[in-house]
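Order of writing sets the chain letters: A, B, C, D and E. Residues in each chain are counted from 1.
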């Protein structure tokens, strides 16, 4: 697996954010049971930025988010968030530091109705979206408030999963493929929402397959392959890097 | 572009069959020489009956993914029927066995039709309920003689020639019965039917969408399992010469699960090892008096906490073999 | 029998405890076509699929397949008639190898399924056909890999191969591209195109470029009702479709 | 047998009393199953421990019935939490089967140890003075204590139901059952919550044990056979459904009471017949949620 | 066989962990050891070993142990065996292997009836005796109308039928009965029915936890206070002790031994309770194990050595009369039944009791010949009519 490996410092250097980093991940390795998935991920996210992780299926993007969230059994390396070392913290502590996570598989609860699902995560900070704001964003939810969470359609569940963490007031959001399975009209809304959150000072770490969507929002990109960060660049450098990117992603 | 599967990719069948063959020959040889070793044959015979029972149970749970918490009902039913047939009707042993097995088969069809329609924990509970019902029936019907049980069942001459009251003869008859049952189960697991069963366990919705009427397959597995469990019950009557309520009580169903679990769920030889381990424990711990149940409980706990694959399962896992 | 339409529904309706998810839908799928079913989230697409394959019972309406009323059949029977579905969440037999996955389907087609007294080596005669099918979907190298260990996109391909093994007449694909990287999307799209020569395909998909490039005809569903039907070019011009599904930014 | 209205009403009332025990026990079982996905086979054993605890509180520490109603469930609950922390915890995410087997083993151990030290025939526990005697209801003599059991059990059942189905804490619990990892990632200390829940479920069983001590002999095996019936109650009510367990518990007590009157031979099996029937008609139990 | 020696091996097969652990269990093992010690044979050069095991109330396990003991441990006599199912199973094996079953703990009268063998001695009690002793003595004392609460299986039915027959024979009436499934936790329904019957005596034809629960709940419903009497048809000292006098007072029951009968029983019981871990007083089952083994050893001594031939020793046991400090003088009949008197007791009130174990007062005695099933009614093949 020596292909495409780059020195970590080189990558990070190419895309170091201007200010101090809110999140710093250094030499992160992670395992699922016996299988070694992440082989030294290093990157950082500055406060107020939108950063996107790109990469093929199975590259390790989701695993990276889960490691930051503290829900991977075995992980090593350093993860600093807001001046706290969270590499060994439990996920409830990490969440209470103000990290919001919207998982890829949505994680809607069958035994809770839509309202309970929405209200489930405790508010960790003030300043989250109000219910009204959420219903303007996702009118479907308002209509189905009383129904069982998993009875929602695939896309509705995705909306619910996003709405849920917007309520908590966490200032750092990790969204794993938030547009998957959504109709174009909703994707556009989510795009607008993320832009607005950013303007309000939220920091967002995004994982996306939908490159077109990501490119309209992100300040910087990292490319993940075989559990390593193999490249990174700012949005302004996007055009110049297009060919490289195509070969990374196999477009 | 191969993904991250390299290295972990396992070959499908390959040497598994070879390993199982060696283990089978080893097991048969060991069992065949028992009467010559001075090992107490009665104990081994009892072990064989329970081993067959556990194997039958394993067919359903380990390969069909269905946890029956009422398997004692087959053991007990065939036991009572065989004992009654031998003692009261005076049938020869081979017909006594047939009577017991037929009774178990009928019972498994009747209860199967009811139970198989439910899944998971509901299946476990409904089998438990059916077994409890049957327990109460057996407790009260006269032919089982309540808590006294049917005692002193004559062993007789099998096919008119094999005198089963002779320990060695009885031993080889029981061994033969066990091996027959074991091979039937082994074949069923490795048959076209077994493949379908496995896929149903893996993803039932998908199997349905491929056009399988999964209930029918589960029912067949259930009937096979129940009938073979009944066979074990009939053999046991010949060995123990009695049939009693303990064989239909729910704790017996629990013991069957325990045997399978200790030996290794979903392994071919696990239930055999497990059955012998548990029987030996009950017999030889009897001298510890009050502590028997405590020790047995502790084994459950230890097994679940540290030994989840069971004895054979752990060994197979360690050597990366299938046993 | 030689009906122009392989599948027709009349007044198909599904009501969940007071909520009408599918309302009076008349769908006609032309034999040999690729027919796309699109619509905003919660429009009732998946519910429609569930109704067609009898995983749900219609509250009202009729389903006619190949001139035969199948409204009252059981799911397994529908599959036996050649109308086979895939799931929105990928459905494989995880601890069977790719080859075995396909073989299970072939076995259903060609018998021996209840033979518990035979050795499973009788199934070896299906291996040839199974390898062919794996080849068709580009999975030859995975034949001996356990399905659970395959990358996501390949599982989707395996699911299609398994479905093809049943030699169906018509396939229902629910978001076959969801969660896939570009590379896989292209591969599966090509695959669908190829198999459509032999089979009729009805699919749900939110990825518009896929819909545009593959489908012969598109039905747009909103709030359980058919909003419009036509080809891609026509629909993108339809104001109602733009508003309900595509969104303002599209075009 | 001619139907005697007086006798019938007496039987109904008696059935209701038994129902109170079923309800309390199955409630605890449902809480544990609903929240931890564990079929707690040790439930009968902790019920028994509750009764023994009351006995010891009285005979060793001189603590009477009323304090014991609180103290014994708390103590046994703590014991349960220790069990959860040291053993059950390691089974999260595994098949139901393992939880069932582990608790089955635990039940054997607990019962075995008690039997070892206290024999099998049991110990006496008297009805507290305040609840001695009975009221003549005209159609029957109702011991005051039995009336108290009904009231106490009803109150506790409703309170538990409210806690789990109507409060935020309950929502956390239910969510944590399905996906503990995610709930934890929302900032909730799930392990602690699970431990407390197990403690609650076990405590409820212990409470039933204390309530039953003056009525039934305090014996090591007092819960061993009861547990199977209680399982049936939970299954009929719908696994994990709180209200289902409560209602089924009371209803079953009454049905059993009627059977005892009309056809006593079947009073033990009626539960199982009912269970089979219910599951055939309503696969997930009377109020079960679809899974 | 003249290969006699002076080695004896006694196996106490009992219930060490289950329902019968208190009335038999560890105490039976202690009783067996005391019998060996008190026989004085050791001093005369005999080697006598006592081993014990828990049959867990499972016939499979019981027979397994019995076979192993006989085949590999060379056990001569298996003692106690509470639980009729296990006892009957062991009964068959012992006969097949020509050893001895000295049963004290099991109640089934089958052991000396249809299933009797030349190798079995049934010592302490059986259901027939309990029914007769309690039934006849209570009718005599004025309890002439009965209602039965019966455990719904074989032994319960046997107890009820036997008792009912005696009651009727003595001029009493049976007003009704209710069949209760085994292991019922709540008896209030049945007690209400019994109460409504207005019978003078409520016969409890059940055992163990069922009996104790029904008595406890009867107290709660004020049944004894209301003037009805309770008769426990199969109860032991350990049951009464565990119930406590508050609840059990006024109850009637039959036993063949009570520790506080005379100086000899008191002396034995004191030694017994000192040796027992729980310091409980002996039950009649313990006493039976002791007395039976004492008699067995006496027979061996009379034979001049151990012939390791069960039938022969049992024949000797039947030949010499029994005489021991606990049951007094008696015999062992041809069918294996040990004959001694049966006593009807009433449980004392708390005020009458002078100590933890001062539980009974004697209200009647049935001589041995009347207490047990007469040979004329026997279906035992050994009995020639």
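We take it that contacts are C-beta pairs under 8 Å (C-beta built on N, C-alpha and C of every residue); 3 or more make two chains touch, one makes a residue touch a chain.
Molecules present, by chain and UniProt name: A = Amino acid/amide ABC transporter ATP-binding protein 2, HAAT family; B = Amino acid/amide ABC transporter membrane protein 2, HAAT family; C = Amino acid/amide ABC transporter ATP-binding protein 1, HAAT family; D = Amino acid/amide ABC transporter membrane protein 1, HAAT family.
Everything quoted here is computed from the prediction, not taken from an experiment.
Counting hops only between chains that touch, chain B reaches chain D in a minimum of 1. Summarising the inter-chain layout, the chain whose CA centre lies farthest from the centre of chain B is A. Of all the chains, the one whose CA centre sits at the greatest distance from that of chain D is C. Between chain B and chain E, the centres computed from C-alpha atoms are 38 Å apart. Mean C-alpha position of chain C lies 74 Å from that of chain E.
Put simply, the C-alpha centre of chain A and that of chain D have 44 angstrom between them. In chain E, 17, 21, 25, 152, 181-182 are the positions where the chain touches two or more neighbouring chains simultaneously. For chain D, residues that reach two or more other chains under the stated contact definition are 112, 115-116, 265, 268-269. Counting partner chains per residue, chain B shows two or more touched chains at residues 3-4, 8, 136, 140, 290-293.
Residues of chain A touching chain D in their complex: 69-71, 90-92, 94-96, 101, 103, 107, 109-112, 116-117, 119-122, 124, 148, 168.
Chain D contributes residues 39, 87, 90-91, 94, 96-98, 100-102, 104-113, 115-116, 228, 231-232, 235, 239, 265-266, 268-269, 271-273, 275-276, 279-280, 283-285 to its touches with chain B in the complex.
Across the complex, chain A meets chain C through its residues 56-58, 104, 140, 144, 147, 151-156, 158-159, 177, 180-189, 209, 211, 249-251. On chain B, the positions that touch chain D within their shared complex are 67, 114, 117-118, 120-122, 124-126, 128-130, 132-133, 136-137, 140, 250, 254, 257-258, 261, 290-294, 296-301, 303-305, 308.
The residues of chain E lying in touch with chain B in their complex are 16-17, 21, 25-26, 51-61, 63-65, 67-68, 71-72, 83-85, 88-89, 91-92, 108, 110, 115, 152-155, 181-182.
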